[in-house]
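Working notes, beginning with the structure itself.
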Amino acid sequence: MSDVLLEVEDLSLQIGGLHILRGITFDVKRDEFFTVIGPNGAGKTSLLNVLSRIYQPTGGTVTFEGRPLLAEKRTALASLGIARTFQNLALFEDMDVMDNVVLGRHRLMRSGVVTGAVWFGRARREETVARQACEPLIDLMGLGDYLRRPIRDLPYGIKKRIELARALAAEPRLLLLDEPAAGMNDEETDELADWILTAKREFSLTVVMIEHDMGMVTRLGDRSLVLDFGTTITIESPRVAISDPRVISAYLGDDAEEVDDPTVTGNLALKIPRGLQRKGRKR
Amino acid sequence: MTDFLQTLVSGIALGCLYAVLALGFVIVARASGILNLAQGSFVILGGYLAYAFVGQLGLPFWVSVLIAMALVAVFAVLLEAFVVHKVTDHFAALLVTFGITIAAAPIITGIWPGDSLNLGDPWKLDVLRIGGIGITARDATLIPITALLLLAFFLFFRYTRIGLSLRATALDPEAAMAQGVSTRFVFGISWAIAGALGAFGGVVLSTTVGGGVRPGLEVYAFLALPVIILGGLESPLGAVVGGLIIGVVQQFAVILVPESWGSGFADVVPYLVMLIILLIRPAGLFGRKEVRRA
Amino acid sequence: MTATITETDLSRNTQARAPRLFGTWTSRLLALLFVVAIFAIPLNIADSYVLTVLATAAVAAIAATGLNVLTGYAGQISLGHAFFVGAGAFAGQVLGGQLGLPFLLWLPLAALFAGALGALIAPFALRLRGPYLAIVSLGLVYIGIYAARNLTPLTGGLNGTVVTAPVSIGPLDFAALQIGPFLLTREQGMFILCWLMLALVLLITANIVRSRSGRAMQAIRDHDLAAEVLGVRRLPAMMNAFVVSSVFAGLAGGLLGVLLQYIRPENFGLDLSIQYVAIIVIGGLASIWGPVLGALFIGLVPVLAIWLAAYLPFISRPGEQGGVSVSGFGLIVYGILIVLFLLFRRGGLISFFRRPGRARPASASAAPAAASEPASGNTTTHNSTKEGPSS
């Protein structure tokens, strides 16, 4: 078993006239918690979109578990062992919690529309098996109490966990998270970080996470890829990255004078105003 | 040869009508991002209002037409502002606009009952003979007027500030807003133009040659839908080119198709063309492939 | 009482089992009452007009249930449902009337014929995201009428055809049903037949919705990208919905044929499609009982119109000139109600009967955003799709 799960080489993405990503190269090791940070518009979500096959890059290669990923369609991701969450939540709000999570098992089930119409027999068996598989997941994510409530009315934090549970139900080996803490306060963010760590541990996941919350990044991340304007600034451990003057100036623009004083701790988390740190809507 | 030219000319005239009807859909699609099935109500309202002004109020024909176009434009703007705007998704918007046409048509034909009313157009049933080809007076006027309308339309889009705002909003609404373009204004103008175009189409359809002012005019707007599939849902150029192609093909179908294929084949020709296009080039001649964002 | 709500079965102990359709005593009781009513009502009402109206409503509900699978659950707008109903109707007469096949053969075959047409047409319209199905289905209606008018040996051409297909299952002839000492009239028998078929269709639909393929349709409707990333393939999911919807439409068509006993191409035009759309929007999109409620409601509108015609000057009775005809009145009501319900009560009539705070929310899908936007890069103009977190 190779140590490296995901290899991205010289990835470029151009849409219209815009160079969204340029020459991105990095690799993610098995069991690593890899974070992607950078100011708004740096191309982080676009990178995730390439990895989750929503965008087709204009250049470069991506290798997942030794196989070329760019040749695969979006719908193959679950079978390949890749799952993702979305920045703005993509829950199916007209179905209940269990249905959302069970959807994660879609590729592991077989029954079609006729079997479903008949129900008795394979369809019912599959449903039972799928739900049994999802039960521990729901317990793990602490969602048991919410099964009967309409998703629409649930708190934002709970919805995030539901989406996470749904992604996990697909039994991925690689989990892509797009700004999971967007719109959350400190307390909620800490809680969410706990849930993510729990999930990673329980399911031996490799995680690639886009985040703005530096606290979360430093707490969870093994390494950080810093992007700005679609290019790599650096790849290093989060604590080092946030003190890296190049990274600081990427976030703050040219106002780098403030941080030249060596007596001031070079901690990005302290320097970046809240608004910049926590992108995403506070609701 | 004259038969060929004859058919070609009548095809072009029909194509002009299709282009006008299709443009109404395209403009709203570009601005509001929806398929506006209320376009049908614009068509029938235009025809009947023009009739009301000419036939019942005795106003001159062209004055009536312009007033009708203006009134329908206002109706369209109000519709967008108070009804369509309240709907937040494309699914509901399509059904809501459909509902509007469904309700509007019987109301209109209830107010002005009759199987075929006389619009009082100046062309009546006159046929002109130009170089051995017969062309109805209506079509002879329709083609240059449509050409002028389209020219004005394209000039407007390319060279005026308002036109620029419309294009900018269609391309990137957030950037346009950042530049100070008011989306409300853009929607308003777009719907007003769509309303006016629809009304004009309704007038053309209601001429004596066209069959008079009658129930069912709203369905003709739907006949233009294959045109936007052929041309591309959001392409004005596509609406014109597509309209002309379908108009010409339809008229040739009328004379070329054997008797055994039955009556009414010509009327389904646009839909058959549409199916073929969906098979080989679904985005249409000038349609763009969509860019998805996660 | 809705049949697909996650009931107390989702208590901690029995979570693993998929919720039963009739899991509570209330739902079982209501289901029983429903079946009893199917027999009790015709046995107690002799008025053939009323029975026919109700039987027609059941058939409309069958067709509307099909449309609801496509439009409500899968989020694809079709304006051409009447095409498939007509296909089923004429096929029914060809198979049952002309070829003399027995009921248990001609009806399913007619339904499958409509389904096959659906399978043929679906790839055209469902490959691209956007309002393509709405447009194509509109065209289908006209193509269908053209075909029906010209395939005279099969359809009777312009004038249509009498429907002579049999409605008997073995010794049970629904046209002349014998229950004990009672000999039922054709209308009574047809009432029972149509409502029994509706019950079957509702059951099948409820099963589909709670199973993998039903979930897949709804997922694609709500967030097609997220669904695809989970492994749900869009085209198969949509095609499933389309074929199911066409099969139900064909079934309804076959029944309509034997109910009306005379069908002509004009019966299956845009007006009929409009009725079905009105039924599902008014009744309640993406719900099992919505189409039934909607069909009953819509079935009442012409009755209401005729009654109102006596009092309101602008409604004209058949034969009268001027004013709004009875069918015109219906269209006005449908159009206005479609707009009002979509603006103010997405859940439809059925949402008035649901208790708030249930696990499966009352309102129908608020934003099946993927379904009908024009294919373009501008997904953020005007009608924005669902936003993220609610508060």
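Note that the chains are named A, B and C in the order they appear, and that numbering of residues resets to 1 at the start of each chain.
Criterion: a residue touches a chain if its C-beta (ideal position, glycine included) is under 8 Å from a C-beta of that chain, and two chains touch if they have at least 3 such contacts.
Because the structure is predicted, anything quoted here is derived from the model rather than measured.
With centres taken as mean C-alpha coordinates, the chain found closest to the middle of all protein C-alpha atoms is C. Note: the chain lying farthest from chain A is B, by mean C-alpha position.
In whole angstrom, the spacing between the mean C-alpha positions of chain B and chain C is 32. Computed from the mean C-alpha positions, the centre of chain A lies at a distance of 41 Å from the centre of chain C.
The distance from the centre of chain A to the centre of chain B, with each centre set as the mean of the Cα atoms, comes to 47 Å.
Chain A has residues 52, 54, 86-87 in contact with two or more other chains. Residue positions 225, 365-366, 386 of chain C each touch two or more of the other chains.
The set of chain B residues touching two or more other chains comprises 291-294. Note for the complex: chain B touches chain C at residues 29, 31-35, 37, 83, 85-96, 98-107, 109-110, 113, 169-174, 183, 187, 219, 222, 225-226, 228-229, 233-234, 261-265, 267-268, 270-272, 274-275, 278-279, 282-283, 287-294. Chain contact summary for the complex, chain C toward chain A: residues 6, 10, 12, 15-18, 204, 207-208, 210-216, 218-219, 222-223, 225-234, 240, 243-244, 286, 357-361, 363-366, 386-391. Those residues of chain C that touch chain B in the complex are listed here as 75, 77, 79, 124-125, 127-132, 134-136, 138-140, 142-143, 145-146, 149-150, 225, 270, 274, 277, 281, 314, 321-325, 328-329, 331-332, 334-339, 342-343, 346, 365-369, 371-386. Interface residues of chain A facing chain C in the complex, by the touch rule stated above, are 52-54, 74-79, 83-84, 86-99, 102-104, 106-107, 109-113, 115-119, 123-124, 126-128, 131-132, 135, 138, 144, 147-153, 156, 159, 166, 170, 182-183, 281, 283.
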